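One structure coming up, written as structure tokens, with questions to follow.
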Amino acid sequence: MGAVREALDALALVDHHCHGVVTADLDRPAFESLITEGSRWPGSGVSPFDSPVGVAVRRHCAPLLGLERHAPPEEYLARRAELGWREVHRRLLGAAGTGVYCVDTGYAPDDVTTPAELAGERAAAYEVVRLESVAEAVAARGVEPDGYADAFRAAALEAVGRPGVVAVKSVAAYRTGFALDPDRPGDAEVGQAARRWLARGGRLDDPVLVRHLLWTAVDLGLPLQLHTGFGDSDLRLHRADPALLTDWLHRISGTIPVLLLHCWPYHRQAAYLATVFAHVYLDVGLALHYVGPARASAVLAEALEITPFRKLLYSSDAYGVAEFHLLGAVSFRQGLAALLQERVDADELCLADALRIVTWTGADNSRQVYRFSATS
Amino acid sequence: MGAVREALDALALVDHHCHGVVTADLDRPAFESLITEGSRWPGSGVSPFDSPVGVAVRRHCAPLLGLERHAPPEEYLARRAELGWREVHRRLLGAAGTGVYCVDTGYAPDDVTTPAELAGERAAAYEVVRLESVAEAVAARGVEPDGYADAFRAAALEAVGRPGVVAVKSVAAYRTGFALDPDRPGDAEVGQAARRWLARGGRLDDPVLVRHLLWTAVDLGLPLQLHTGFGDSDLRLHRADPALLTDWLHRISGTIPVLLLHCWPYHRQAAYLATVFAHVYLDVGLALHYVGPARASAVLAEALEITPFRKLLYSSDAYGVAEFHLLGAVSFRQGLAALLQERVDADELCLADALRIVTWTGADNSRQVYRFSATS
Amino acid sequence: MGAVREALDALALVDHHCHGVVTADLDRPAFESLITEGSRWPGSGVSPFDSPVGVAVRRHCAPLLGLERHAPPEEYLARRAELGWREVHRRLLGAAGTGVYCVDTGYAPDDVTTPAELAGERAAAYEVVRLESVAEAVAARGVEPDGYADAFRAAALEAVGRPGVVAVKSVAAYRTGFALDPDRPGDAEVGQAARRWLARGGRLDDPVLVRHLLWTAVDLGLPLQLHTGFGDSDLRLHRADPALLTDWLHRISGTIPVLLLHCWPYHRQAAYLATVFAHVYLDVGLALHYVGPARASAVLAEALEITPFRKLLYSSDAYGVAEFHLLGAVSFRQGLAALLQERVDADELCLADALRIVTWTGADNSRQVYRFSATS
């Protein structure tokens, strides 16, 4: 094993964007529904185990549960049930070697661990507030259209004032996509949009209110995480290309850091934005475990093609199963090590620089963006 | 040679989308015009032989005609003429090792083999009905605008009722692109559009009628092959990005299988769709021989990055020259073997899984989608 | 070292698109501002040295200044200052081994070398006229709206009539992007647009006038270089996708050669255009040095995936610092050699073909497009 891999294996990663783990034992349908971005497809003959991420689970997680590498799905699930979710969680997160988790608490169709439960004894936990969830809670409580803007702002301020909150997040990519008017909407425009939305109900997907949400994020002053690229079938992928945000990124230059999450297959577009804007950062979370350790190096190589080394962050974007928290970390460590070691071996990069890139991307870039305090 | 390559070489491939071979001997201009997606460029100093596909023809086809690898174009064409097209066809298709051909019979600017002639003694042949050709034949026969919808449906039903038909195909990508209204058009809308089109004549490129064609495909109930991505200069490539189809794919969920053909350079977008929709599949046909065996592994690696292994199919999309039916197969076998063997060697994939992926993608996924009967 | 690399190292490259070098010694802020496509970000903690291009400068340029490979930035800049810009220029351009420079003289926010000064004794220099600069000079001199079209044409004709001019260039990608009406605008339309623009002032970014500029380029009859893809924060990257030009490329077929510059991350789209249109060419300049020699092979492999070998050109797109003229050449030589030698070693390509591809892409394709005369 090379020196780069050793450094990566020894590093306590900062996972700057992830979710909790389901607090229940999972039967096969439940587990399979959590290891795909598709819906479950019973009767289709397509099991999520028969995909790159399924192969990676059997290869990298099975040994941690005491099984052979590449154990069959049935055996894997039986052993998982035998150990119980708490022990699986303990083993997999223990092996992930993550030192800090920043947890998006605004998406939980299942009962999942709190940030503190996720992190356990070994790691620190911080919280990321999903602004769409805040807005929808405001609507659910009942608010007059003309009072929506103030009520949303007050609720967001309250949410980010909670101990341990280090960032906000938006899923505008899912709701409207990024081909939005980049200007801050006026009060009257917001009031009218709120009237329409509150009358109609449902999730926040009005373009004016989504813009308003993004500008409210600017006012809050915390780093803003943005879903871009890859996700589930609710996306229109081409509208989640972060290049569509360029006008808005110009407008908000000098205010808050913007963290482009996932990005694949637009990670080169994201790299361009991180290269030209001081306040833009990226990761390839979610893609890391879906492509698996066998392919993570190729994706990271594209993401790092032009990107300043202080601009790439690590995240798993794991949701639901501890397998993904582990696989994100393994993919990152193994993929980045392969790519940097190859350059060191070819004398295109010196070892000292490779080790700095490891520390920066795996931990310090997040520490600089989020300025974690002792609060946890 | 590794075990994966041996399995691929032994496998009778299902080429789920291809065309016939020109039934004539070809002089240099005629041959060159068939090995490029460009028009012929006489006097430009650019020969299609001086491209990746030309290099691949000389490397992989020349030995099958009894020449040295990398034989010069003149020598290759002289030998080809000496053997005659029937013998060239026999040798190259024999070496391709394809067991089943699904042949799009709706595109034949030249005189080409029938599906049965293409397959010969060794392989089975099935037919794919190109719906634009059906619609244009209806118009050519003469039809009243208000009767167009019924006449098209009747003609399509008749076409797919022929023995050996296993799928329909649309080239909507060429005619309008995919940024279409995803909803089924109403009868009056179709009638008006038909009136305009029938008065104007020409090929079917009215957006309402293209939508109507796609929805008629849904009614027919057979798998639908869709050209996406790479093709000739008649494309507007960015409008052939399959991500633009997402709304329509949602609408038709639970009806017919949709096979995204070619996809390059949007194969990651296609992989996303195949990952989140149960009814969506993809291939990288056409790209396989144009990039050649030297690069097929890289393209397949991107196409398979997140794709469930039951969702990738093999096709050559060969048209006109048997060289392409051979090269598609060689690129697929060589490219997939390289990628899977590397993962087996790194213990990221077990050999049993690699062999299942070989059988699935090379043959069984197509068998499951098209449910070939004994009819041939 | 393989035979391909030897051939590439021995070849006098034609750099068909680059800029001059700043004629002054540079302190750290000035040097850093020239080695990034971002603005300078003082206080951000992000130095352009901590990026792939910074690593490449320290690895490949430091030894040419008499330092160890990977020398730290401080040491590098101190040595650079000690030698003075003329000596640095002399050493780096000497090592680049470029035989011909085509220099875009229409962009010079700094005092830079003339084409002849850039080339020095060892190389020939030709000039590329940036049409937006011509148009803006016409406006600055004062012109009546109705006279704008004639005045611009006359000024452009005069500019391209200067000795040594071999091409024109447009930065339409920056000004409007490529989603333009592909038709030639009428006189009245141009007059009205000129009236608006001349009244408003500022740079040429009116869509009608940008179209008019592109059509004027067609009339001039010289090869047209077009910025596409990667550049600074002034871009809207997604509007610089060259596929958006397809309608216009159809319209002008049979007139002038069009050279798509940079292209990354749309180099596959550019490759498609170069494959289907006789008059379209591409390069991956700018990307070559920003990704660095460690990654140039991967980018070139994508750019050459389907591209006819007579259609890829070499350019550095270096601006400001001689480091970039050197790095472009090193990235091209090293990257192309790695990719071709690997194919030769695998017997996918014969050595004679590899050597032809070297000569074509590194020099002869440009010679054929630009038809350099003895004038220099």
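Read from first to last, the chains carry the letters A, B and C; within each, the first residue is number 1.
Throughout what follows, a residue touches a chain if its C-beta (ideal position, glycine included) is under 8 Å from a C-beta of that chain, and two chains touch if they have at least 3 such contacts.
Values in this document were obtained by computation on a predicted structure and should not be read as measured data.
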Touch-connected components when chain B is not counted: one piece
Angle, in degrees to the nearest 5, of the Cα rotation that carries chain B onto chain C: 120
Centre distance in Å when chain A and chain C are each reduced to the mean of their C-alpha atoms: 37
Multi-chain contact residues (two or more partners), chain B: none
In the complex with chain B, residue positions of chain A that touch it: 36-39, 41, 44-46, 48, 50-53, 55-56, 59, 69-70, 230, 232-233, 235-238, 264-265, 287, 290-295, 298-299
Sites on chain B touched by chain A in the complex: 241, 243-244, 246-247, 250, 268-269, 272-273, 275-278, 301, 304-311, 343, 346-350, 352-353, 356, 360, 368
